[in-house]
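The following pair of complexes shares a single chain, subunit A, combined with subunit B in the former and subunit C in the latter.
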Partner chain A sequence: MGKDRVRFGGLDMWTRKAAIMFTSGISLILIGMMISNFQLMIVGLAFLSLLAINGWVAGHSDLLIERQTSATNVYKGDDIVVSLTVTNKSYRRTQQLELFDNVPHEMKMRKGINQMRMNLGPGQTAKLRYVVRCPLRGHYTIGPVSVRYRNAFNLFVNETKMDDRSDITVFPQIRDIEEALLRSDVPKMYSGATTLKTPGPGMEFYALREYLPGDSFRSINWKALARTGEMMVNEKTRDAVTDVFVIVDTRDVSRIGTVLKNPLEMGTVAAASVSNYFLKRRDSVSLVTYGSRMDYLPPETGDKQYFKILSGLASVEAKGSMPLQAVTNALSPRMSRGSPVFIISSLEGDGTTLPAIRNLSGKGHEVIVLSPSSIDLERLVSRIPRMSYEVLKLERQNRLTAIAGYGAKVIDWMPDVELSQALLQIKLG
Partner chain B sequence: MTDFNARLRRLSTPKFRRAASIAAFWALIGILVLEVLQTYLVDGETQQSAYGDDWNDLGAFRSEINSLGVETNALVSSPLLLSEIDHPEEAIFVVSGVERDTISLPRFTGDENVIEFTEGDGYTTSEILAIESFVQRGGTVILLDDFGYSAQLASQFGLDYSGHRLYDGQAYAHELDYNFVWVNTSSAFNFTTNSGSLSSINPCLKDLDKDGVIDLLDEDPLNPSVTTQGISSDMAGLCAHRFDQATSTWDFSEGYDILTNGPSAFEKATSYNPVENRYAIGRSTLDSYLDTNDDGNLTVGFEAAGIEDDEQGPFAVYVRYCQNRLCLDSDSGRVHFVSDGSMLINSLYSPDYVPDYSGLVPDNDNRKWALDIIAEALLIGNSSTEASENAIVIFDESRHQQSNIGGDTYNLLYYLLIYFTNDWMAMLLLFLGLFIALEAVLIRKEDPDDWRHVFRIIYYGFGDARRYEYYQRPEKIRQVLLTRVRNVNAMSREEFDALPAAELQKMVDDNVLTDFIFNDRRYKTDELVGIVKRIKEWGRTESDSGA
Partner chain C sequence: MSENEVPVSKSLNIRQLRRRWQIILLQLISTASLILLMQRMTRLYGTCSDSFIESYGESLYWCPAYEHTRGLRWFEQETGSLVLPDFLTGLNQTGEMTVVAPIILCFGITALWIYVLTRGDSTRKWINIGVTVVFFAWMLLPFLISWITALNHPLNHIDHLWGPLLFVFELVFLGVVFAPVLAGIMGIWGLSKKFLTWTVGYYLTVIGVHAILTFEGITESVDLGLNPLPGQIGEATMWGGLVSPLALELIEVAILLVLYLEAGSAVISHMEYASLLPKDTKRDPEFVRQFENVINGHLVHLIGVMSLVALTTAIALEFDDFLISTVGALSGGQWSGQVKESLELQLTYGKVISAGLFLVVVAGMRFILPWQRVTGIFETALLRFRSTET
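Showing the complex of A and B:
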């Protein structure tokens, strides 16, 4: 919710009407002088006088503008309800007042309109309500509110902006992939949460320890306190089975396709869905994105991690050309042995893919490669000659076969195939 | 050398060029502003102003006219305004020294030349025509100038200034110095050799019955036996300067002893031409000479030695131009040319007006001459010695340096306003300027855009289209095939490279593909299409086909 107060004073901009009136006035006076015609000069003077009086009798208002949004974090495709309340706090009418709430171009107006013309009396309030849809993942800002005041004759205009902004984060959509993963080969290896003998957030008792500032009161062991006289807290065991690494390719090549259908968009949806699935099972999930640079989110579990992952995925852009092997080399010391690795990449334009996956497999990681078919995505926007397309597809198949040969499970994800459907291909890989 | 090149590169950067252009622009603006300011910072020599009381101003003359009940005014913009005067026959335009030039534009001539691009110094042609028109409509002009910018104006009436200094060996004011030259005329109203005295054209000298009382005050102007008694100076009105209150007598003398200060003279050839109604009234003496070589001395020439001599007098110093022959009509326009700009300055006109000059300057008839002209011009209709309410004397201040800061700017702006609303070329330019300005406003001035939300997410990420051709080449297709063979047979690159040809042939087990692998020749497109199809089919398992 944003709230701001805006005052108008003075007149900044002449309208075309005023400019024409001014030049006409001057012209009439001069032409009147040329031909010694006082009537013309008087008409010209009347024009200029009207301008002068309008400039002098300038209205001004004191507005209170307040914006409310139904949500600040939404999933791709969700709607947001925005309401704007305008109150005239001055003792004069606002005259012609125009309000426009600046909505990002990437948001689609679903209901209502984000602008309003009004003439508010003293103390009067008007409400503007509209609904926008967010079809694109990302971080957006609604606002500022542009306010335009016109005087009665529409000769002068005063524009100002109320710097009140509402930040909106649009997360990638989450697909339900539970059934697909149950039916495929992937989840069978990680059959849910089992107790690890390490302290952490979990359900089972692990040990007693002394109370430290910041510990929750709920974790205090009152019996131990009564017995020993010292504050002791219960420590729980960590519930996670293992760390799941999700590596998302955000290189420049991942922009190929349309704005809604490209390897990056498909990849973010897949990464969010896979993370969601494993976090629900109380596994720790790490998110790694690489493009112009590598962003690493250490493995964690819980809702906070879920939010971090979604935020990270919301902000990724197709940029850079970092090789996969550089990423795996950097991650290698941080990856627990045997932890599954999801690589979501179109595998285009990177000669290090094979050695990188070979290394991961060699270190005992279960590698699942989910590869949006960039050739087919490219075909949505470019005319690829038939023979080139076939050869490119053959080459891609060769690449996927070679990766599969290193023990990775490979999914060739076609643009028109749902994520859950695509995941089922693992069995066939 | 590298340093020099680097410096040169830095000089040619857009940033540097932009900065240099901006600096040059502001420097130019600064110079222009300084140029303008300079004219105000340096004290201008103000003189011959009708509103000044200095020794060389015309304050005494103007005050006296005012005291006679005649309205005076100053023209600070341009003589173009003379065309606006409703009663020119009762108006006098006094030009005392034309000190400066002013801006002007090309003008329409109205003849076969269509446009005249150059203007003479001093008054613009439009202004000269306006003054001429004023005279044609009955106005009176007193033009007092010696070396100023009034040559063009005099030329319009057929008179030429000599442009040289006039000296007189004898007739100068000995009490003062040789710069003060006397111009004496005993019969200022004998315009031509045979015209006789035309003093009756001046109401202050007109006495038809010769009874010693001017006709304007004479009860019976045609009966010498009827003499009007009890005339006072007040009754004399504009002719009071001719009336002696003490003796109750009128001064009917037709001569003037005019004292000039550093005068010039008019060209002999043009100063007298009765056909063109130009009459040389006041002349210098035979002892006068014109310093034609401008050396400040009388030079006796010796033609054989190539020495130019100074021209010997007499020269016309006061010339009268009449719109009608001999100025017989009282409402005839007339111009009084005097080749001395200081004739009416306070120190000569009324020495007592400036205490420093009181008693120094010898008695002269400058005042009488000037007031005679005023009376002659303003007393029309022979009914009264008082000027009518329409009478006006206008002093031209448009060509005088102003004493106060901002005065010149005001004059210039006023001049521009008058000029651009009176001169046809200027009016045309102004009209075009207005038209262009209006068009520019219409084109350039835009209302604030209407606000509207635009949903815009259209974006296409294209791959590298240049690679499509590469993927149609036989060698690329061959490489794809060999990789496929290697992958299907789960061989490493090294193993595959070491594979004998016969083994490879056996692995492929397809004559067409084998031929394609080993036969490096040109392939037609349809051949390649067939080969690609075969590669797709080659090595396919059931699961592949199912997928």
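Showing the complex of A and C:
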């Protein structure tokens, strides 16, 4: 919520119309004087009188402008309701005002409009309400509010700005990932593992419950059976807490495709969804982005980490050409042994991909490569000859096969395939 | 975008706005100004000079004055008959009634034009083609048919082309006076800024051309018989000795010109704003209320400012009198006596310079008189009074 007070001050600016009227007035008077014609002089005088009299009416006023937004953090594709309340705090009429709330061009106006013409009496209030959609992730700013006083005859203007801004962060969308598709069954190796208070495979007792068909006989609590006469089973607390590393490629090549559909956008959605999934399971998730430089977010769990990951993903831009091996080499000492590693990359233009993945697999990490098909994304914006497409596709297929050969699970992610469907390839593979 | 929506009749849809009283009032003010302007222009610039009239004696004469019947009558005498009927050109009327029929015709043409504008593209195209074909058929077919059917006869078929040509000339005579009226009405009711400014430009051109053609230096070489405006503004006998009859007429022309332009432009500006609004905001009570505020404010301004402009111009023209009498009253010396008797100060230069001085004072009063503050205090008090009443 932003609140600011605007006071108009200084002299008004002349519009083009006023300038034309002034020069016409002077010219008519001079010509009239030259040829002794009173009509020309009087028309000229009337033009100048109009300017002089209109100069008396100034848009001086004291405005209180308050902006409220329905949210400051939203997911890509969500709507934000923006309300502007304008109050004339002075005891003078504002005259004709044009209010314009600056909205980033990436946001789409869904309902209403971000501008209004108004003429407020003393103490009067006007409310402007509009809804914008945020189709692109990133950090945006709504504001400042431009207030322009315009003379009724469009002769003078006076513009001022309320410098209050509302920052909006648009996170990547979160897609549902079925639990069955992703399994993180590598327990944390170092001390300090969080005790999870959710039922699942583990050692610590969680609760007793009634026996259900399919339950193991080993889990039957015989004492409870003897006491109550009913079949009861022991449920355990899940103690499989994992460090999951999500590496997102944000190099320049990841901008291939359209603004809304490119490897970077698909990658951020995938990284956000995967992180969300693991954080919900109380696993620790680390986010690594690499492009012009490497940004590393150490593994943590909880809502705070979730927010950090989404914020990090919201701000990534496609630039740079850092090789994957440089990232994995730098990360290697910080990765707990056997942690699953998600690499989200189009795998284009980087000769170090194979050795980097080989090294990770060699160290016992479960490597899952999610690769948005940049060739198919490029086809969305440019026409690729069929033969060239086939050759490029074959090259890509060979690269993926080679990576799979090192023990990594490889997903070839086509632009029109949903993330959950793409991840299904792990299971099928 | 509020949950509540105003009824469609009060919405900011263009169709509904066209029926709103403020918009209609602005259009009526503009139209009335235009017609009054034409009438004043005809009265001021529609006569030939006395010497020119005398030189023609009893016979019909024509000078390029701003009046249509004289030209048409002269044309009728020269050619034998007119294509346009007298009731349409106003030739069967006298005095100011001569302009009634052409003005009605202008309204009719504007209505037709707006009707055509509101049709679809293809309909508009076919109407345009139809009008063009009918006009050219009327122009050429009689000539072609008579020429083809009577190839062996030595008849002068070119006579058949004469009628359409006369018609075009009649339109020119009529158009000199009524083209700006037609363009002005089209601009006001058809919402065309181009037509509005064209009309103002046309009238300024007429005034300028008349001024040049009646300038002594020109009339010595070429005298077209136009009646020049008096070289003196005359004795101020009206509005309590503030304005002379001639000055009043000249001020009226200037004010009507500005009033016509401003009222017409206001309609277009407000309609433009409303048309830019998205559909859902057109029924938003907040947008509707503010639109009403803005347009009501505009109406108040238009009336208030225009009245003040008229008054200021009138005072400015008589400011020389005030200066001279002040100087005369302040001291009884020789210099003040000379100033008082000075004729130059009351002629063109003195008048304009003193008027300019007065306007500078008026413009500077913005920094001295806090009248906006005063009106604000009144408005605040009025609002408080209303709220306590309710």
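One rule holds in what follows: the second predicted complex is superposed on the first by the 357 of 429 C-alpha atoms of A that agree within 3 Å, B and C clash if a C-alpha of one lies under 4 Å from a C-alpha of the other, contacts with A are read in each partner's own complex, and residues count from 1 in each chain.
Throughout what follows, contacts are C-beta pairs under 8 Å (C-beta built on N, C-alpha and C of every residue); 3 or more make two chains touch, one makes a residue touch a chain.
Model, not experiment: these values are computed from the prediction.
Look at where subunit B and subunit C land on subunit A after superposing the complexes, then choose clash or fit.
Fit.
Based on the superposed arrangement, let me know which partner A:68 touches: subunit B (first), subunit C (second), both, or neither?
neither
First (subunit B), second (subunit C), both or neither: which does A:90 touch?
second
Determine, under the contact definition given at the top, whether A:31 touches first (subunit B), second (subunit C), both, or neither.
Both: A:31 reaches subunit B and subunit C.
Identify the partner contact of A:56: answer first if only subunit B is touched, second if only subunit C is, both if each is, neither if none is.
Second partner only, subunit C.
Identify the partner contact of A:315: answer first if only subunit B is touched, second if only subunit C is, both if each is, neither if none is.
The answer is neither, since A:315 touches no partner chain.
Is A:109 touching anything from subunit B or subunit C once the two structures are fitted on A? First, second, both or neither.
So A:109 meets both subunit B and subunit C here.
Output check: A:135 vs subunit B and subunit C. Expected answer is one of first, second, both, neither. What do you get?
Only subunit B; A:135 stays clear of subunit C.
Please work out whether A:402 is in contact with subunit B alone, subunit C alone, both, or neither, and reply first, second, both or neither.
first
Just the number, please: smallest Cα separation between subunit B and subunit C in the overlaid arrangement, in Å.
8
For subunit A, give the residues common to its interface with subunit B and its interface with subunit C.
On subunit A, the residues that contact subunit B in one structure and subunit C in the other are 31, 33, 109, 113.
Hey, which residues of subunit B end up touching subunit A in the complex?
Residues in contact with subunit A: 417, 420-422, 427, 430-431, 434, 437-438, 441-442, 445-448, 451-463, 465, 467-469, 471-472, 476-477, 480, 483-484, 487-488, 490, 525, 528-529, 532-533, 535-536, 543, 546-547.
If we count contacts the way the header does, which residues on subunit C are in touch with subunit A in the complex?
Residues in contact with subunit A: 1-2, 44, 204, 207-208, 210-212, 214-217, 229-231, 233, 246-247, 250-251, 253-255, 257-258, 262, 265-266, 269, 273, 277-278, 280-281, 284, 286-287, 289-291, 293-294, 296-298, 301-302, 305, 308-309, 312-313, 316-317, 348-349, 351-352, 355-356, 359, 362-363, 365-366, 369, 371-373, 375-377, 379-380, 383.
For the complex, which residues does subunit A have touching subunit B?
For subunit A paired with subunit B, touching residues are 13-17, 19-20, 22-24, 26-27, 30-31, 33-34, 98, 100, 103, 105-109, 113-115, 135-136, 146, 148, 157, 159, 253, 255-260, 262, 318, 374, 378, 381-382, 384-388, 390-392, 394-395, 397-398, 401-402, 405, 425, 428.
Using the touch definition up top, name the residues of subunit A that touch subunit C in the complex.
28-29, 31-33, 35-43, 45-58, 60, 90-93, 95-96, 109, 111-113, 116-123, 126-131, 152-154
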